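Heads up, there are several structures right after this.
In what comes next, subunit A is part of two complexes: it sits with subunit B in the first one and with subunit C in the second one.
So, the complex of A and B:
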């Protein structure tokens, strides 16, 4: 992972935690399937906030795969590189 | 968080809140200071959460929190939510309602709003999209009390292509895009809900240097301070607020003669010096100046907005006064946007009385001089040529009466905050149960300044509320107003007693002191009722120096 990629993933993790109102713990795994707070409404907020933050527009088919900071960072890198 | 720190944090948030809204930035606006919670019930047929979730930051900036009860999607608008609330929101995607045309849609919406009106006296804020002019006209024509139809079409045209988002419905339940929802959230949190529920702000006190123009008057001189496009926009907006009845005050650390020269020389300024009802030009503490302005304008400090480019000055003022602070930014257009979004600045409706307020305040200075020169109080009243109209069951003034009930804090005996729907119901029950007072003298027409609401039993005239606008105070007319009204409310069969309902509030000492004098009794903080024999009221003469007209 490059420094830029790590930076994006770190920012995304921070954003996701903020929306889920969770404290950061270094080895905590953040996945939509394992965090109760990450319901459909929070998912909507997170997706829209990411679009605002990075000025990107996810495809509707991508919404479901944005289920962890790592997956989101991968999708963002794709969009930012395009 | 202390008030000075909160003022600085709120200033730092302004670029995020009042620039192009961004959900990521909004989430960073988290702070802890005392918030007033508004309980909101939402009746909807599409996703409201993209709006409600974005409202927190705008609310917190305005010291507001929203406690939501959001109903299930219901295209029929059955209004089956039964939770307690202070305001109802109807959030409607009209494309889901299969009706022939705009007229039919308007009739259906009006019928559903009347059904909701029958269930609750709460103010109702309607956000229906799309709504063509015909549909809107039909809903407006229904004249449903305390029901406000928000202008989403204006927002749609300002946002353009991003109003809708074909992807949005799958995750948000609404066709409206994120950008649309953020803009609606801002208007709903800062304007539409506060205007439905809270008393309005009455004055904007504004700094001069680097606020109304770019530059420093004492250093640059009157001809060299710069009116940027943003400052022109800000001045125009302030002038529009003045025309809507918001009082403008100038608070500046400059010499008064320099300020007078500035406005005399700068014909390009949209604002004139006469647009300000008062000018505080001194090198003293601004908190002291603002306190003096509030006293002079007879308004509560929390009804005042203070605008200054120096965040330290805002913090200093916030440390001692409960005024609402706005940071004047380098882009003055953004300052104008921020002022527009102070809760209580936007009003759903502007009354004639709002527009009369500034002239009335100017007249009060002359009244003070007449009072000092008069030999007696009756001489003073005669010199003013006062005319008092007692309007019985005045259905055409219901909105003004509800506004008086919502706005008056100092002369408000029971703080019942009676809304339009209740006033109409009471008038329908017995017109004499609602009396309005209109006041004019040779110096100004104050318009409708008093509301007295009551009810009759066989023996008792129960006075549920007495509200008098602060603009009418100081002429010692309260006895004449109330006695005149009570004689009408009593009707042909004189009651044995008059019972005044009362409740102590943070600012209604003037009303309580008046009642104590009028009833010749002392009041405890817990007193909820004062009883006076009617014959004593009937024997209290209305001053012969006042012309009183009863308008049935």
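So, the complex of A and C:
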């Protein structure tokens, strides 16, 4: 992972934790399936906050795959590289 | 109840359930997992259930449909209507659907703006943490005491959320803002300029 990629993932993690109102713990795994607070409404808020932050637009088909900071960072890198 | 109420939003609409939806309902509910009452196990049972539903006067059952393609995204209902309040539920969406926020918005619009109700409530199994979180996120009030409901023929503990009319504008604003953004993401990119 490059420094830029790591920074994106770190920023995404921070944003997700903020929206879910969770404290950061270094080894905490953040996945939509395992975090109860990451419900359908919060998911939309997170996706749109990311769109605004990075000036991208996710397709409907991508919404489901955005299920962890790592997966979101991958999708963002794909958009930013396009 | 057989009714002709359609409630349209930005990307989705609620349209009355029809007899022809029986097979879809059985299939969708069969795929929905442990928190949804199993209900009818085949189309014949579902048609019989729909016949009883059509005879009830206090019950509105809908298919959630995409506005653009008219494809089915799920089901939702508003029922036990009386004393100016109602329960909503029977809410099941296709696994990757993004209709949740707008479907909830539309059922509240039906309750408060079309039927002029004063309160809507919903009951969710205690173990169904994602749906409990969804109602919290929407801005509903979660009651502290659990209630007992019937789930697959057995008593089960549930959490009740309520939305009263005086808080509806605040919830509507929040849900509508998100539903607007969702609709923009469903539109073809060339037809939807960013911000």
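Just so we're on the same page, the second predicted complex is superposed on the first by the 82 of 82 C-alpha atoms of A that agree within 3 Å, B and C clash if a C-alpha of one lies under 4 Å from a C-alpha of the other, contacts with A are read in each partner's own complex, and residues count from 1 in each chain.
Definition applied: a residue touches a chain if its C-beta (ideal position, glycine included) is under 8 Å from a C-beta of that chain, and two chains touch if they have at least 3 such contacts.
Keep in mind the model is a prediction, meaning the values are calculated, not measured.
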### Message
Let me test your reading of the model: by the given contact rule, A:40 touches which partner, first (subunit B), second (subunit C), both or neither?
### Response
both
### First, second, both or neither for A:49, with subunit B first and subunit C second
first
#### Entry: Partner chain(s) touched by A:63 [first = subunit B, second = subunit C, both, neither]
both
### Task
Name the residues of subunit A shared by its contacts with subunit B and its contacts with subunit C.
40-41, 44-45, 48, 51-52, 58-60, 63
#### Entry: subunit C to subunit A touching residues, read off their complex
95-96, 98, 100-101, 129-134, 136-138, 175, 178, 181-182, 185-186, 189, 192, 194-195
### Task
Report the residues of subunit B in contact with subunit A in the complex, numbered from low to high.
22-25, 27-28, 49-50, 53, 166-167, 170-172, 178
### subunit B-touching residues of subunit A, taken from the complex the two chains share
15, 18-19, 40-41, 43-45, 47-53, 58-60, 63
### Summary
Within the complex, subunit C is touched by subunit A residues 36-42, 44-45, 48, 51-52, 55, 57-60, 63-64
